[in-house]
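Each chain carries a letter (A, B, C and D) given by its place in the written order, and its residues are counted from 1.
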Amino acid sequence: MIVVMNPDSSSEHIGHVQRLLGEMGAVSCVIQSARGKIIEIVGGNGHVDKSILEGAPMVERVADEQSPLMAMDRKPGDQTHEVPLGKHAVIGGKKLAVIAGPCSVEDQSLLLEIAHAVKEAGAVGLRGGAFKPRTSPYTFQGLGEPGLEMLARAREETGLAIVTEVMCVQQLDAVKECADMLQIGSRNMHLPVLLAKVGEQDKPVLMKRGWSATFEEFILAAEYVMKGGNENVVLCERGIRAHEDYVRNTLALAIIPEVKRVSRLPIIADPSHGTGRAHLVTPMSYAAVACGADGLLIEVHVDPRRAWTDGSQSIDPVQFRSLMTNLKAFAEVSGRTL
Amino acid sequence: MIVVMNPDSSSEHIGHVQRLLGEMGAVSCVIQSARGKIIEIVGGNGHVDKSILEGAPMVERVADEQSPLMAMDRKPGDQTHEVPLGKHAVIGGKKLAVIAGPCSVEDQSLLLEIAHAVKEAGAVGLRGGAFKPRTSPYTFQGLGEPGLEMLARAREETGLAIVTEVMCVQQLDAVKECADMLQIGSRNMHLPVLLAKVGEQDKPVLMKRGWSATFEEFILAAEYVMKGGNENVVLCERGIRAHEDYVRNTLALAIIPEVKRVSRLPIIADPSHGTGRAHLVTPMSYAAVACGADGLLIEVHVDPRRAWTDGSQSIDPVQFRSLMTNLKAFAEVSGRTL
Amino acid sequence: MIVVMNPDSSSEHIGHVQRLLGEMGAVSCVIQSARGKIIEIVGGNGHVDKSILEGAPMVERVADEQSPLMAMDRKPGDQTHEVPLGKHAVIGGKKLAVIAGPCSVEDQSLLLEIAHAVKEAGAVGLRGGAFKPRTSPYTFQGLGEPGLEMLARAREETGLAIVTEVMCVQQLDAVKECADMLQIGSRNMHLPVLLAKVGEQDKPVLMKRGWSATFEEFILAAEYVMKGGNENVVLCERGIRAHEDYVRNTLALAIIPEVKRVSRLPIIADPSHGTGRAHLVTPMSYAAVACGADGLLIEVHVDPRRAWTDGSQSIDPVQFRSLMTNLKAFAEVSGRTL
Amino acid sequence: MIVVMNPDSSSEHIGHVQRLLGEMGAVSCVIQSARGKIIEIVGGNGHVDKSILEGAPMVERVADEQSPLMAMDRKPGDQTHEVPLGKHAVIGGKKLAVIAGPCSVEDQSLLLEIAHAVKEAGAVGLRGGAFKPRTSPYTFQGLGEPGLEMLARAREETGLAIVTEVMCVQQLDAVKECADMLQIGSRNMHLPVLLAKVGEQDKPVLMKRGWSATFEEFILAAEYVMKGGNENVVLCERGIRAHEDYVRNTLALAIIPEVKRVSRLPIIADPSHGTGRAHLVTPMSYAAVACGADGLLIEVHVDPRRAWTDGSQSIDPVQFRSLMTNLKAFAEVSGRTL
């Protein structure tokens, strides 16, 4: 159970509520959020009489753990929050936002070739990893800072907004300088320290779902960022780890309408990681838009068979152009534009 | 490894191949399929020289376990096999087939009310369980044969084709008499005996995916039916059991384009069981059609809160009508009609 | 919610309770169990006042769905129910019961060789499938009735009790004639029709857990059997389907102490299917006994590399003898004998 | 595919191998490991002739991705590597190592009370989180540095070695100062940056398995640490996320003998997180030791109902003493001491 205090609460108010809790046999601790103080009951929940707390001065509301959403919850009639993607685009508005590019940044000229191709086909963002979290220490870990510079150069040439991953706090300054949107990878969604730091700066955040995260864990990861003051968070469904064997991950699209129901945060889909198979990227892109996605994150490589990482899930520029052409009609039927 | 014999093979031919295998140190057994005899190498696979087998008289082909698909495999340019649904509809053609109705048959007048409502909104089939497989023996197990009679009466009144589950061989005759399409439930997809029997009769079959079945297990369940001679099989994705907690099952839509890639069998989606949540049925119906489904199986009840089973995933006739109206545009964009 | 009626209830009593429910706005149906009638509230649960029902004549108790266990629930001080395994052994007593043998019956002399070997090493039961449920219709499906005769012959020669699978109601008579204990396979645990029939006859039942069954589904499958009157049910943990890749299944041993906590039914472990790897069978056998298993089900083959089915998880007689020798000490430490 | 170069290789040798690869149409990059340079083929694997590489000067070996283990692989006859735990204990030797304590450090006197109790019962290490990774930002996140000081004080008083979690690189210095063994939590097992940093310092590491990590991901996480030069890694099975509902996690004990088969790293089990249920901790401790665990990590709290975090999986000192007393016999039967 948590007690949300009014933003104007003094330390006397806080102390008063903690004393009340103590008298009821409960143990509590105080947490600072962006909107003010929150008191968590950490022991002896069973003894607490909610009405007594609700009657205390400056208590805004008392919430069960069952409803952990504090920021960006959706009430009837609410619009999706629009998150800026670079200078010329937003995610969460009427227009779908498509972000495309290679899995990892490999080489400047290759990156530029891909960037021009996806821009021409209608993408508004360029994806590409400079820092790559890999399962084995004996595989390519990304180009690092030189990769970031290549991304910056691609933005200059094409005007595309840059979306790239930040894996740890130490990389934050360097990545921020180049990126228009900071990607939190699937592995990192569970890391309070990184989430909190990303919440204290002002670049928008693309939060990929952990591959075995529950709905609550996913939503609360966004909450960690927003608690720091940064409400520009875009969620991204990228497939879960299930028993299925014909795909690398199981793209669980029902999370898109579920997020729309409870939250104002925009949500996009990544059909590339979400299936791991190039031939499934196009149909799953249509499906994601049909059930309400605000955009797509797609891996495109000029020669997928020679991609350093994840070639089996990358499509080539010809396939991407065809996807974008057909997607227009699905966007319109879904009440969107492309 | 299996050796597919030419349909005209004599027992001498079979004997010859088994002798060859024996000389190579392998153990084999003979299986009768609808198209002829198959020899399976059950032991000592490692010693087998495929080219010797391929040179033997009347051997059609030698296949690894990796490519188990024998019937209805898809080659470039192939069309999806069209399976009749009653007298007036097919599944697998240009027109989407929507089958709707209550989870279980509860009462004649209620069933008729639902049947008329879904018919009017554009459904071509009526679903409804007379025999219900339930987790607990202390819950409602379906009305049984009286339920079948109610379904037959609903067909008479509305012209809708009837789709209902057969849970075991003993129910087969009774269910066949009433149903236009026999449903194999998710639990029963793994049962060779039932699948083989259903393959020996001629009513079309709706094969629901087991909730933890792999792609291969799903496809091979259809193969069990087709091996008996009945090639009118429709596959149905109905959600898998994963770690997700905001849904009852995870609707794994990528299996739709994957089935289309390797097989000529039609495939539909069940967004009701596939999510377990009424508010997710409509968006996931759009998504299923967008990625290529040949139809939908949807639970509709006039008063979902009072449904005897699965009320939380049923939509009401007003919601169903609205779904069907909007679905038309998604169908067209996907190159289909409704 | 269910209302358990006193065994002596008349149809008037039943009618009275259903009328009460109707007046409260609830819909109900009547289910016959081995111990008497049960009324299930299938609709309008929310309106029901439990105390009114509890006051009605001949109502034994009113139970929520949360506590579905009717038979064999365990109260403090209860002993595990002892289930006979042939004439000379029981499962659930102080002495551990080890059942061993090939995955499938392949040949009479081979079966006898294995049977003598496992008997000598201390097994009290012989396992072996005559009817095999297989994923592909083009693989060996078991020898069928000739396989049953081979098992019967092995019992005659060795005195071992026979445990073999029955896959459907039609096989029941033939299997019963040969088997001392009827195995319900992992696929079939979810089949009410088969469970009910097996509950109406008197041979003991070995109930293997479905590979994705929840605890409740597992326990309720046993309940289906016991509802028919047959309380001689032994549960068997045989591994679940999870994301792990170094094993075929994940042996979830914690279910053993959990079953012991809530139920008087004995439970054994199958480390062969439960891991799918011969080299893991021995350590996992020790672990199963250490956490309270009443016995083990182990695949033994004289030449695992040549076994027709599941060779990679079979151990040979030398390994089995060594396992049994070491198991004795684990049994003693766990307060058991072998 | 990777090419492991001899430690003495010069940059000419490296260049020579990369040229050979280029001529064969492959793309490669160079990775520095603790033992020397490794060349990874990141594209065009299919064209590579292994024998040409193996013939090149200073190439130690060429390995497929299938065998990624570089350090601590086990050959027949190898002993488990012994990792020091404080000054008086090791993990991986004949004597089992039991580490016990509260989930999180809450208070100095409480911690001391628990520490004395577990020490007396035979524990050699004290666990307790000062930094806690939590799902919600509105829950207790650990005491932080004051918690570390309380742990240091408990070591002084009891002589117990301290095992506590480090969540990110910034905490590393503070945690190192207090801890005898650095715990990498389940969430953090997937983080190359943290793993690499922990590998560059010399405190031993306790690596908890990610709750949905595969065997390979788990082993390779240890490899990330060892690549930095720190080979004192202890693995810990703590349960995986599966569909089971009677436990919080599924303790997958078969990983213990599997690790023993391929690696010299010691491995312990955490039956507290591994089940999430206090009543399952004791039987699963016995099972873990029976299948070869080198030790246990157990949550103990003087009043589990009042624990700030994870009370439902904590046992109290009386239960812990009883567990340790009985464990002795299981240890002996398993060829260990306690």
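Please note the rule applied: contacts are C-beta pairs under 8 Å (C-beta built on N, C-alpha and C of every residue); 3 or more make two chains touch, one makes a residue touch a chain.
None of these values were measured; they are calculated from a predicted model.
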**Prompt:** Just how many steps, at minimum, does a route from subunit B to subunit D need if it may pass only between touching chains?
**Reply:** 1
**Message:** Counting hops between chains that touch, how far apart are subunit A and subunit C?
**Reply:** 1
**Complete:** subunit A to subunit D, mean C-alpha position gap in Å, rounds to 29
**Request:** Calculate how many whole Å lie between the centre of subunit A and the centre of subunit B, each centre taken as the average of the chain's C-alpha atoms.
**Result:** 36
**Junction residues of subunit C, two or more chains touched** = 212, 216, 241-243
**Asked** Taking the complex as given, what residues does subunit A use to touch subunit C?
**Response** 241-243
**Item:** Residue ranges of subunit B in contact with subunit A within the complex
**Value:** 212, 214-216, 240, 242-247, 250-258, 261, 274-275, 277, 279-280, 283-284, 286-292, 329-330, 333-334
**subunit D residues touching subunit A - in the complex, by the definition given at the top** = 2, 27, 29, 31, 33, 38, 40, 42-44, 65, 68, 70, 133-141, 167-171, 187-188, 190-196, 211-212, 216-217, 220, 223-224, 227, 241, 305-309, 311
